[in-house]
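When the chains are written out, they are named A, B and C in that same order, and each has its own residue count from 1.
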Amino acid sequence: MIEASFRGRLGSFDLDVGFAVPGRGITALFGPSGCGKTTVLRAVAGLMRLPGGQLCVNGAQWQAGRRFVPPHRRAIGYVFQEASLFPHLSVEANLRFGLRRARCAPRIGMDDVVALLGIAPLFDRPAEMLSGGERQRVAIGRALLSQPDLLLMDEPLSALDRFSKDDILPYLERLHAALSIPVLYVSHDIAEVERLADTLVLMQAGRVRAAGPIADLLADPALPLIHLPEPAAVIDGKVIASDPQYGLCDVNVPGGVVVVPGDLGPPGTRCRLRIPASDVSLGRHVPLDTTILNALPARIEGAETTRDHQMTVRLRLGADGEGAALLARVSRKSWDRLGLHQGEQVVARLKAVALAESGPPSGPVPDPAENRRG
Amino acid sequence: MAEGALLDAAMIETIMLTLKLATVTTVVLLLVGTPLAWWLARSRGLWKDVVATVVALPIVLPPTVLGFYLLIAMGPDSPLTALLGRKLSFTFEGLVVGSVVYSLPFVVNPIRNAFEAMGPRPMEVAATLRASPLDAFFTVALPLALPGLFTGAILGFAHTVGEFGVVLMIGGGIPGVTKVLSVTIFDYVETLQWAKAHILAGGMLAMSFVVILAMMLAERRLKKARR
Amino acid sequence: MIPPKSAMRIGCAALLALLVPTDPARAGETLAAVAANFTEAAKEIGTAFADATGHTVSYSFGPTGQIYTQITQGAPFELFLAADQARPERAEAEGYAVPGARFTYAVGQLVLWSPDPARVAGRDALAAPDLTHIAIANPRTAPYGAAAVEVMRALGVYDALAPKLVEGKSISQAHQFVATGNAEVGFVALSQIVGHDAGSRWAVPQEMYTPIRQDAVLLAAGADSAAAKAYLAFLQGPEARAIIARYGYGTGD
C-alpha cells in the first residue's frame, strides 16, 4: 500500500493531494501539464520536502510530522524525463552506480536487467553516443539495479520521439509483467496510461480528482476521461487458446471471450486489450453475415451525448451485465432509431482491427528468478 | 660552468622559490576553493552574495590595498597573529596566505561556474541511486566539474607566479624565503641589469604563454571527450 | 560649401590651437613633477610661492623613476624635483633638462625609528636580542636603502643583521612595515615621521652615510618659462628653505 498526502504552494495554486494506491502494479499519476504530478513524484522521492506531508510505502514511513527520510536512504528508483546518465561514466559504470550502493542483497542482477532491457550491445559505448530511447533504457536499468522497493517514473517517454517511444514501451510492459516492484508513473499522455497503468490517480490543478482501477475511471461518467476525443476502454484478460492456422487467440475477459489477432503467447498469458469506443458498434442481434469476429452480449449502463451529435455509450460485458466495462460511440440518430435505453441488453460488435493487443514484445519474457538460479 | 651559464645561483633560487610558492598556493587554493565554490553554486540568499563579493574583491582591488590590509592583518596586534602565536609577515607561510587570498577568485570562479553549469540534476540522480551527499560530491560533482577545476588550478598557479604587489607588501624581499621572481625582475629592471631581467622576464613570458596555451588545448580536449 | 581640403586645414588649425600652450611667461603658470616623498612640503612651498610672486605652480607627484620615464616620453613638465641626484643628472646629460640649472633643494635625513617609545634609544637598538625584523628600502634602487646599508656597515653590524633585513620597494613601504608593527624597527626618512612625536628614534649622524641629495632641474619644456625660473629661484630662497627644514630635510650648503 502506498499512502501519500502532501500540501504546499505550487506556482499559481495550492497543492493539496492525498491518495492511497495498491503497493504493486503500475499507478499512473495522470493530468494536464502543470497540475502538480511531478511535484508529487519528487516529494515521494524526497527530492522536494513539502512540510506537513505524510508518506508511507509498503509499511516504511518515509515522511511523517518532523520525520523526513532523505532521498538517498529511500529505497526508490527514479527515472527522470531526460535520461540523465552520468556523462563521465560508461554505460556499464552508470548501471553499476546504484547497484554498488544498494542497501540490500540484489534481487535484480545485472544479467536480469541486461536481458529485460536489451542493453547488452550498449555496454561499450560512451553514454553520450546512445540514442534517446537507448539512454532511457539504460536509465531504467540503472534505477532497477539500485534494488528499489518503489520505482518512480517522471514522464520517461515524453522527451522521446514517436519512434523511440515505440521502441521503449514494450520494455516497460515487459518490466510490468516480469517484476513485482510497484511503479508510480507520471504522464500526461492517455495512450501511455491506457497501455501501462493498473491504477490511475487523476490530478487536476493540484488536487486528486479521482483514484482507482483504470478500467473504472476510464468509463466513469463523472470524470473527464470519457469526454476525451477518443475514449477507449481497457480490459485485462488471459489467453485461453490460440489458433495458429488463422493467427488468432482467444482471450478470456470478464463477461466474455474475445478473439484477438496475433500470437499473444501460450494459454495463461496475461494481456491487456484496448478497445476504442469508435470501434464498437451496437445491435440487438448477433449478426450472422458479417466479417466481424467479435459480437459480445453486453448491457447498457448509460449514455452521454457529446457535442457533435454523438453518443458515448457505457456498457458492461456479459448477459448479466457484470463483466468488464466497454465504451461504444454511436450517432444520436442510430441511438434514437434503434430506441436504445439504459439497462437494455445489446450485442456489442468489435471490429477486429480495433483489438489493440499490448502483450510483451516478441521473444520470451525472461524470469529473473530463473536467471539467478541458472 | 660560468662561461655560458644562463642563470646564476640567485636566479635559480628565486625561480625555485616561485615554483614552490605557486605549487603550495595552488594546492591550498584547490582545497579551500572547491568547497567554497560548491557552497556558492548551491546556496541561495544574502550570505551567498556577500561571500561571493568578498571572494571577488581581489579582482578589483589594487594589490597594494590588499597587501596593505594583509600587512595589518599579519601585524603584532592582529587577531590572526594572536591565533597563530607568531607573525606571518616576511615568512613563506605568510606569502602563501597572501597568494591564496589574492588568487582566490581566479580559482573559485571557474570551479563555481562548472558546478553551476552542471545543474541540480546529477546530484538528484545520485541521491536516488543511494549516494549520500558526500559520496555524490566526490563521485559525481567533482568529476563533472573537472574542466573547471583544471582551469582554476592553472589560473591560480599562473596568477601566483605573476603576482607582485601583494608579495612586495608582505614579503620583504628576503632571498630564498620571500624574494620571488617578480620581485627579482623588478630589482634587475630598476638597477638597469636588463640582460638578467630579460632572461627572467622572457622566461616568465614564455612559461605563461605555454601554460595558458596548454590549458586551452587541454580544456578543449576534455570537453570534446565529454561530448 | 567649404571644400574638403580647406575644411581639413581649418580642423588642423583648431586642433593645434588646443594643443599649443598659451605663452607661459604671460600666464605665470608652471607645472612641476615632484618626487612623492616631497609632496607635503611642495604644497606648502607652492602656496608661499604664489603669495610671494603671483605665479602659480601645479604639481604632478610620483615615484622619481616613473617621472623620469614620463619626461623621456615627452611629458609637459617644466620642472623636475627628484628624490635623488642620479635622475636629474641623467636628464641633463641626455638633453631633457636645461644645462647648468641643477641644484640640491633638499637632503634626506636617515632615522632609525620604531613606534614603540621604549625601543630606540640610540644605535644600540640594532643590537636588541628580541629584534626579528629591520625594515629598509631596497638598497639597490632606493637611496635611503643604500644609506641604511652604509650605516650598518659603518657600525660593523651589517653581516649580523642581514638575516633580519626586510626590504620595501621604496622608503614609503619600509615605513609601512614599521608603522604596522610587522618590523620592530626600520631605517626611514625623517620627513616621513616629522610631526608624529609618538615612538622612538635615532637620528643617524650625517657623517655615517653618503648624503641623500634630492636635486631639481629646469626641464627643456620650461626653458622659456618665467614662472618656472621664478619657482627655482624661490626654492633656493630663505622662505622655502625654512619650510623644507620643517618637513625634516636638510637644505645642504
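The rule is short, and it goes like this: a contact is a pair of C-beta atoms (placed from the backbone, for glycine too) under 8 Å apart; a residue touches a chain by one contact, two chains touch by 3 or more.
Please read these numbers as outputs of a predicted model, since none were measured by experiment.
The set of chains touching chain B and also touching chain C is empty.
In this assembly, A is the chain whose CA centroid lies farthest from the centroid of chain B. With centres computed from Cα atoms alone, the innermost chain of the structure is B. The centroid of the Cα atoms in chain B and the matching centroid in chain C are 36 Å apart. Mean C-alpha positions place chain A and chain B at a centre distance of 56 Å. The distance from the centre of chain A to the centre of chain C, each centre being the mean of the chain's C-alpha atoms, comes to 88 Å. Residues of chain A that touch chain B in their complex: 45-47, 70-73, 76-78, 80, 82, 84, 86-88, 97-98, 101-103, 128, 142-143, 146, 152.
Taken together, the chain B residues at the contact with chain C in this complex read 68, 71-72, 74-77, 87, 89-90, 168-174, 186-187, 190-191.
Residue ranges on chain B touching chain A, taken from their complex, read 121-122, 124-133, 135-136, 139-140, 143-144, 146, 226-227. Looking at the complex, you find that chain C touches chain B at residues 65, 132-133, 135, 138, 140-141, 165-169, 173, 176-177, 180-183.
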